[in-house]
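Take a look at the structures below.
Next come two complexes built around subunit A: one with subunit B, the other with subunit C.
What follows is the complex of A and B.
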């Protein structure tokens, strides 16, 4: 079978492999190459060594959006996971209407980032306009606006994963803990949390990478506004996250595309390092069953 | 006492649920109001003065010099064609990878896993140029790009499933004289059904809402998906009519709600299947 099948590789393997090369591998490799080039289109690229990377590190807007993204990711990861876990815990403890509540909490997740951004813009500006301001005028409002939006969208998704995790904990472990005289709080801390650690790992991973890669919501809710003129006369946008900063470096100005590509490579490295180290740390806490 | 507490928790969640869905209802309510009333009093119900019935929906249909039905059509074409292409190609590929299991297969599998962490910004520029040069920049050819960029998760999930299929089933099929094609489509594919649904759901949720990839790849003068259209209307390109935008947001949510209520069971299964860590 194996030898027979391997002769069929043009039909079974090639379509996916070729598309993968077109849609990912070639763009990825040429992206790394272009980060060392100065270019406006792909055909006029000239190799300039690490100049782009030097320019990235002297760009105040990149550093700012990096810090903004880290702050955003920390707050949203903690909030989303905490709230999603609490909801999942409550809904699996046998309350009435649990299915209905689950349906409601998950629903916003299906609405796309662009549309979500405009829905919340209407609501935030509706409230803020009474005080003569707007979400695009104050970066603090922008930050918390993004957090609220992100929570609204992601809590349902993580809740589903936590519910599945909680339901897979065998009842006899709880039984044993109760017989040993453990209280409710002790059971939660010593039995439930360690047992659902795999769900915690995956949910932290998903929320962390989603927060770092956030783009659509950022673009539609604040578009990075407001801006302020920083050092060297360059504008720094105060609610601009990394992905949007890279996008704007590419498309706001044709001449900084090489720098944009270098930023993208750094962004890729940051996301990879954070994702892998998070997986390493939370997975060590998982119990073997 | 316990009963009372349980009822109180239910009541608490009922209140939270109402707050949770209220943003959607606020948009729905505003879609029937005059433009000026939306920006001045967004939380008030429409009254005799501000109510304009379906006015926003009618202007929304052609707003921004682009017929909305075209956006809906392109969104549907791209989502369905891409999801089908991904399902067929990656399931075949995954079976091949597991059963043939040579060096190329292994390398390809690890590249697929790797591609899942890479942020889109890393490839966005080069990908859009590649798509242009291969004329993959129409709604009818963009599924190939989606297959390439979305292969990672799909191959990963299918490989995980194929590994659990006992070889004996395929062997008996081949003793009965089935070639690889018939074995795959008549023996393997039917067993894969739950994973096919899970992968399909995850891909549909992603592609339907995707903004940046189609925005950069497609010629947006001709082809706009729903997210592209809504973003375009809000951008600085034309005069913003917030009433029409509210109407279009409502219209763009309707298919999602229908999809959700008809396949909620599968969506939940899909998410759980997709969250199995590698």
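What follows is the complex of A and C.
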């Protein structure tokens, strides 16, 4: 068996490895290189050192969108996981029609981000226009609009993961807890939550990285609007998240592509650090089954 | 042995995967790859390319970028192994990005076909781009509805000839708005939508008016810092648009181009700021029963209350310049030059430009376009009115337009001040110019 595996190993491994190198590793490394360059097309770039990084840190819109993204990530991670867990808990406690509800809750996840953004824009503006305003006129509406949209889209997916986690908890542990005289609340806190910790890890990881990388929904729901005109007559867009900020920087003028690229590298580092430290902290809470 | 065999299989498989991504191999005679800017003319270009291939055997590929994505598409396409041989830039500012990719067209046949050499983009005696379509915009109006206004008792202005400046125009607009029920319209103007499909009408085309008059005063054709001398006039016309429209001014933030188009087509608004290209979208469509008959189209200059505007005509210019890719192979460059020369000289080509695409082309052999708005534009020129040039092609960056657009939206909604528009317009120009010309 082992010999057979090693003989056929290249046929399975090489195409994947090749795709990985061409589709991920090479663009990633050339992306890092380009962040030190001035360029219009990626094939002819001139090396200019750390100029791009200097420009990033003197750009007020980058810091603003960074803070906006953090606020968004915090609120959406908490809300999505809390609600998804509650729904999963309810649907595994044997209520009627649980299968139907599961399907219904999961369905929003099947719709693409851009379409969702436009649909919700119609819904929000349909309501807000009665009050003479719009989602693209008020950053508070924009923020909560994004939160509602992301909750609606992601709760179903996280719910499925939590349901799988809840169902894998062996019944005898519950039984033992009940015999020991534990109440419902105590069982939830001392048995269920520690036992589904792996699901919590994966769900917080997914929601956290999704929130940071959010682009389509942001673009189609608010496109960063509204904005305030700041120093030098430059507009800072008040609902522009990191990914959209990078995109807009890239196409701002013929000198800013490198700056956009530098922002993307910084963005990568931020997401990696945050995601890895989250994994580290939630993993420590997991128990051995 | 088996290991080598499997390795070879893997190699062959991967080669198969990657080579299938490439475009069809070109013939030795060279081929043309046109990256088209205008989605509304995509079908006509595909057809023209097919006819050219039939006639000459030269392969012509036409790819159209989706609306608002030309720059991004061009960036990715031009870096590929088979880059576009023919692409376009939108004017002197757009040219700065692509200058290093532009073949010098000064000795090309198509350049000698231009009726006026001002329609070429030149810099240091090099011809980088050639305009292939000349367009005109202004305030399109519905003649039937406007005549109904002239005939009514409440109108103080009785003929379109009396509209020769901002004040007379504003009187007409306000009287229509005040009596919209009796005229059977929802407003004088269509909605000034600030959705990205429509906001260019105001952040770019309308913004051209204060820029044009300032350039005229200063006797310049571009600037690193705009003063904003005519910003009050800009405010005046913007106020007129948003206060006398089919929708309240707080609602324009998400109104789209289709909204405005439908309002105009269905006779719910009298005035619609747009250009000659909009004819095909608004003309009478027997299938839906909507749209205007050719005789119902009228167009007025955009009066903003600037001195001497009684002689002002419509806004005429181009933001579509053909450029030939310098880095393409010599055969492909030759094939491309022959193709565009064929488009502007042959019967098939000129007919397609004029009739299928409704273009006014600045070439000697061009046929007159099948478009009443173009006829109106020509009448203004024959009457000796001075056309307003398209100075918005000197706007330093798209970020400037977006900043002004956002400020205009918020001013209309009441959540922003005119001071923000002024700042985005004047200070934004200086900082964007500096950022783009480091």
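Things to note:
By definition in this document, the second predicted complex is superposed on the first by the 271 of 289 C-alpha atoms of A that agree within 3 Å, B and C clash if a C-alpha of one lies under 4 Å from a C-alpha of the other, contacts with A are read in each partner's own complex, and residues count from 1 in each chain.
Just so it is clear, a contact is a pair of C-beta atoms (placed from the backbone, for glycine too) under 8 Å apart; a residue touches a chain by one contact, two chains touch by 3 or more.
Bear in mind the structure is a predicted one, so any value in this text is a computation, not a measurement.
Within the superposed three-chain model, A:16 lies in touch with subunit B and out of touch with subunit C [touch as defined at top].
In the overlay built on the shared chain, the residue A:41 is in contact with subunit B and with subunit C. Using the contact criterion defined above for the overlaid structures, shared-chain residue A:8 touches subunit B and also reaches subunit C. When the shared chain is aligned, no partner comes close enough to touch A:281: not subunit B, not subunit C. Of the two partner chains placed around the shared chain by superposition, subunit B is the only one that A:24 touches, whereas subunit C remains out of contact. In the superposition on chain A, A:57 makes contact with neither subunit B nor subunit C. Once chain A of one complex is fitted onto chain A of the other, the partner contacts of A:229 are limited to subunit C, with no touch recorded for subunit B. In the superposed pair of complexes, A:220 makes contact with subunit B only, with no contact to subunit C. The larger set of touched subunit A residues comes from B, when the choice is between subunit B and subunit C. Residues 8, 11, 15, 22, 41-42, 125, 129 of subunit A touch subunit B in one complex and subunit C in the other. Per the touch definition, subunit A reaches subunit B in the complex via residues 1-2, 4-6, 8-9, 11-13, 15-17, 19-28, 30-31, 34, 41-42, 90-91, 94-97, 100-101, 103-108, 110-115, 118-120, 122-123, 125-126, 129, 152, 157, 160-161, 164, 198-199, 201-203, 205-206, 209, 212-213, 215-216, 219-220, 243, 246-247, 250, 257, 260-261, 264-265, 267-268, 271-272, 275, 279. Against subunit A, the residues of subunit B that register as touching in their complex are 6-7, 9-10, 13-14, 16-17, 20-21, 23-24, 26-27, 30, 38-39, 42-43, 89-90, 92-93, 95-97, 99-102, 105, 108, 111-112, 115, 117-127, 129-131, 134, 136, 144-152, 155, 170-171, 174, 179-181, 184, 205, 208-212, 227, 230-231, 234, 242, 245-246, 249, 252-253, 256-257, 259-260, 264, 267-268, 271-272, 275-277. Residue ranges of subunit A in contact with subunit C, taken from their complex: 7-8, 10-11, 14-15, 18, 22, 40-44, 121, 125, 129, 132-138, 223, 225-229, 232-235, 237, 248, 251-256. Subunit C contributes residues 2-3, 6-7, 9-10, 13-14, 17-18, 71-72, 75, 78-79, 96-98, 100, 196, 248, 250-251, 253-254, 396-399, 402-403, 406-407, 409-410, 413, 415-416, 420, 423-432, 435-436, 438 to its touches with subunit A in the complex.
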